[in-house]
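First chain A sits with chain B, and in the next complex the same chain sits with chain C.
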Partner chain A sequence: MSGSLWYQQAVALWRKDLRAELRTRVALGSMGVFALASLMLIALSMLSLKDEVFVDALGHSHLAWDNPAKMALLWVLFCFAAFAGLSHSFVHEESTGTAQNLRLFMSAHAVYAGKLFFNFTVLGAIMLVITPIYMLLTGMQVGGIMVFVPIMVWGGMSLAAVATTVAALASRAHTSGALFGAIGLPMLIVLLVLIMQAAKLCYSAHIDTISIVKDTGGLLSYGILIITLSALSFHFVWED
Partner chain B sequence: MNKAVLIGLLIVSGAMGFTLWAFSSSMTPYVDIHQAEQMGTRVQVRGKILHNTAHWSFTKHTLNFMLEDSHKDEIEVVYHGPKPESFDTAPETAATGIVQKQPDGTLVLESSSMVVKCPSKYDDETKSALRGAYGKA
Partner chain C sequence: MKISLIIKQKQVNNHSHFIPWQQVVRTQTGLRLCPLNTLRLQISNLGHRYGGRKLFQGVNLDAAAGTVVAVLGTNGTGKSTFLKIVAGLLTPWQGTVSLSLDGAALTGEKRRHIIGMTAPDMALYQELSGAENLEFFASLRGLNPDTAMLRSSLEKVGLKGRGRDLVSDYSSGMRQRLRLAVAQLGSPRLLLLDEPSSNLDAAGIEIVESVLNQHREAGHIVLIATNAPHEMEWGDVHLQVAQL
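Here is the complex of A and B:
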């Protein structure tokens, strides 16, 4: 293992984590229960808002709960689900004592890449199940498909990257739970602002190419920024 | 320097620049009245409230007043929303909105959000007035 290339090691770690997850279902269970409970709450409390209309001071009528607002609530759900489930990825290795083995037999880059792929896989699976159910319950539309798909894919990638980085930092602290939220919040705010900006574009009547490149590209570049910075500095956190 | 680190730093600087460019459109810049008229996008204009021009409409829920910036340019602000409590005593405000042309050709700042500056009891004029009232040097 120690003689193989870093990406081979990363794939091996991803497969190990995936097999362990399918056996124990710790992350999928906590994320799934949280997401389904939230969906049920949204379904019960928000359905009356679906067709509600308000009239502003200028006399224009608007939907009380429009598509960008529905998208915002969906991403709040994903953020909480990600932070509920993905924080275990590094903490689990430390608590079971397998982190030392990983340090001995794998490079730091391979560990970070393996954990990132695993978190993205778990989050992607949750998003694939939850998004259609949420759209059915709330009536959220796809809008511009050229914007909607990048929001979901690159937004999910960026969220997984933030969760992985924060999980790595938090696993080395004694009070990992509190630290997870404290470090994650500033990174999440930027991500959520970029997602909301892209969501507004997704449901606007006029979608021009520059706006698509700017708003969806902003999401992609933020994900790349977090991943590259984390990959460059991960060995400082990981190695003793 | 390690080649991988150098490539990483190049990617970081590129991604940071692009993210900042994308993030900048979610911010509303502070501009003067002349720039606000030219831009035609959502901006923040800071200036002095000309209280003798202020008018609150109960039926439309709008607050109309003239705003004067540091260059002594003036613009009419139409603020849609509840009247801020401290508006009548506030010397200055920062109104967020878009400058729009009215049917009669006048330019109006249609504002949806406004931050009013509280009158300070620590500024020079008030301090000297207080000193005078209490007979201190």
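Here is the complex of A and C:
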């Protein structure tokens, strides 16, 4: 398959999904409502915890609700929001019968790329809206910008890749909802651990180049690994 | 249907190149000459089953360019499944389907690129308009869909002036017409039609027949899965898919 046709097909699918999404707002609606509702709950619970201090075993006192903890909660929110909305693109194609046409016209790789671009776009839009509101409500700081930006971009890319892969698997199963969570959880745990490592660096006093490369590089590598493995194995799931 | 004669014909075009071969094909309307692009569909001992239930077995076909094959069988015998196997959407339980052009086997993207298909369970995007559906599928074919091309495709299936309407607002007959337009994008050499005139009025049925004739004239292969007597008559060859 020529590279240009592969690219043209992936872009056409992305455009089609975006056009349909802007008309129906199914994914954006479900993710947005979930994210905003979670945001409200977090903000309300924060009010009582905001200035709480706890003392550890060594006698050091810490803020109960520090920046890395806030970052962790933000990503838990993104994960649930992504899983609430991003499965739609694949499940909808299967349930309405349009997937047959995609199989007839497109290569599996182009389908995966198109769906991944779309999920990354939708997740990116949600993150762009939710993150500033979350920071405003919880007082979460940016920290080291050289770490914060890669966390958000590469973390979002990895999360979109995980959600796309799991959505493809789940759409072929009858119990798609349950499967979505069951398969997604192991992949998400690794992602969240990597994000937490990078978040600690983001809010530490000394940020050196080697640490930036090590911690954010791990996140980038995980995203690339998930995308590569998914792209290579996608046709086993997609085709009969 | 059978190729009764192959003649080697030398012609000189504007670039002084030879047009190598043409073939004489016998159709319902008599003998005619069509380009020898030697598209050939060979199906050997094809069989399929869903779980423990066998659908059909031992189906053979050798169809050359310019052939319209009517795939017949009662409800549930697997006519639609047969077409999906030929399209490459399903892997057969047994047997082989090979498609070749000028003697070279077509696989992967090359194979996908020459197949057009319409079937009742191949849905269109309800949230998009008719023109947007066509534009999307044309892009997937690698075409550059401009307004004139979209308008022309819609006109050919009798949907002039309805391109901007959402597919969800289309009647079942209009959706079938749009499916037909989608299946013809890029003028596929192998056209698979599953009950092509279902939900269509008399004018729509005429459009289907005209499409069939155009593809026959162009030397394409067309397979129609049908139970309708008028669709059976369109076939140069009748292929019976029998339930086991």
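Worth a mention:
Just so we're on the same page, the second predicted complex is superposed on the first by the 235 of 240 C-alpha atoms of A that agree within 3 Å, B and C clash if a C-alpha of one lies under 4 Å from a C-alpha of the other, contacts with A are read in each partner's own complex, and residues count from 1 in each chain.
Here is the rule we use: a residue touches a chain if its C-beta (ideal position, glycine included) is under 8 Å from a C-beta of that chain, and two chains touch if they have at least 3 such contacts.
Because the structure is a prediction, the values reported are computed rather than measured.
With both structures placed on the common chain, the touch criterion links A:Thr138 to neither chain B nor chain C.
In the superposition on chain A, A:Thr165 contacts neither chain B nor chain C. Once chain A of one complex is fitted onto chain A of the other, the partner contacts of A:Ser89 are absent, as it touches neither chain B nor chain C.
When the shared chain is aligned, chain C comes close enough to touch A:Phe105, but chain B does not. Looking at the shared chain after the overlay, A:Ala231 reaches chain B, while chain C stays out of its contact range. Residue overlap on chain A between its contacts with chain B in one complex and with chain C in the other: absent. Interface residues of chain A, counted against chain C in their complex, comprise 1-2, 5, 8-9, 11-13, 15-16, 19-20, 23-24, 96-98, 100-107, 240.
Across the interface of their complex, chain B is touched by residues 56-58, 190, 193-194, 196-197, 214-215, 217-219, 221-222, 224-225, 228-229, 231-232 of chain A.
For chain B in complex with chain A, the touching residues are 5, 8-9, 11-12, 14-16, 18-19, 21-23, 25-26, 60-62, 80-81. Here chain C touches chain A in the complex through residues 87-91, 108-109, 112, 115, 117, 119, 121-128, 132, 136-137, 139-142, 182, going by the rule given at the top.
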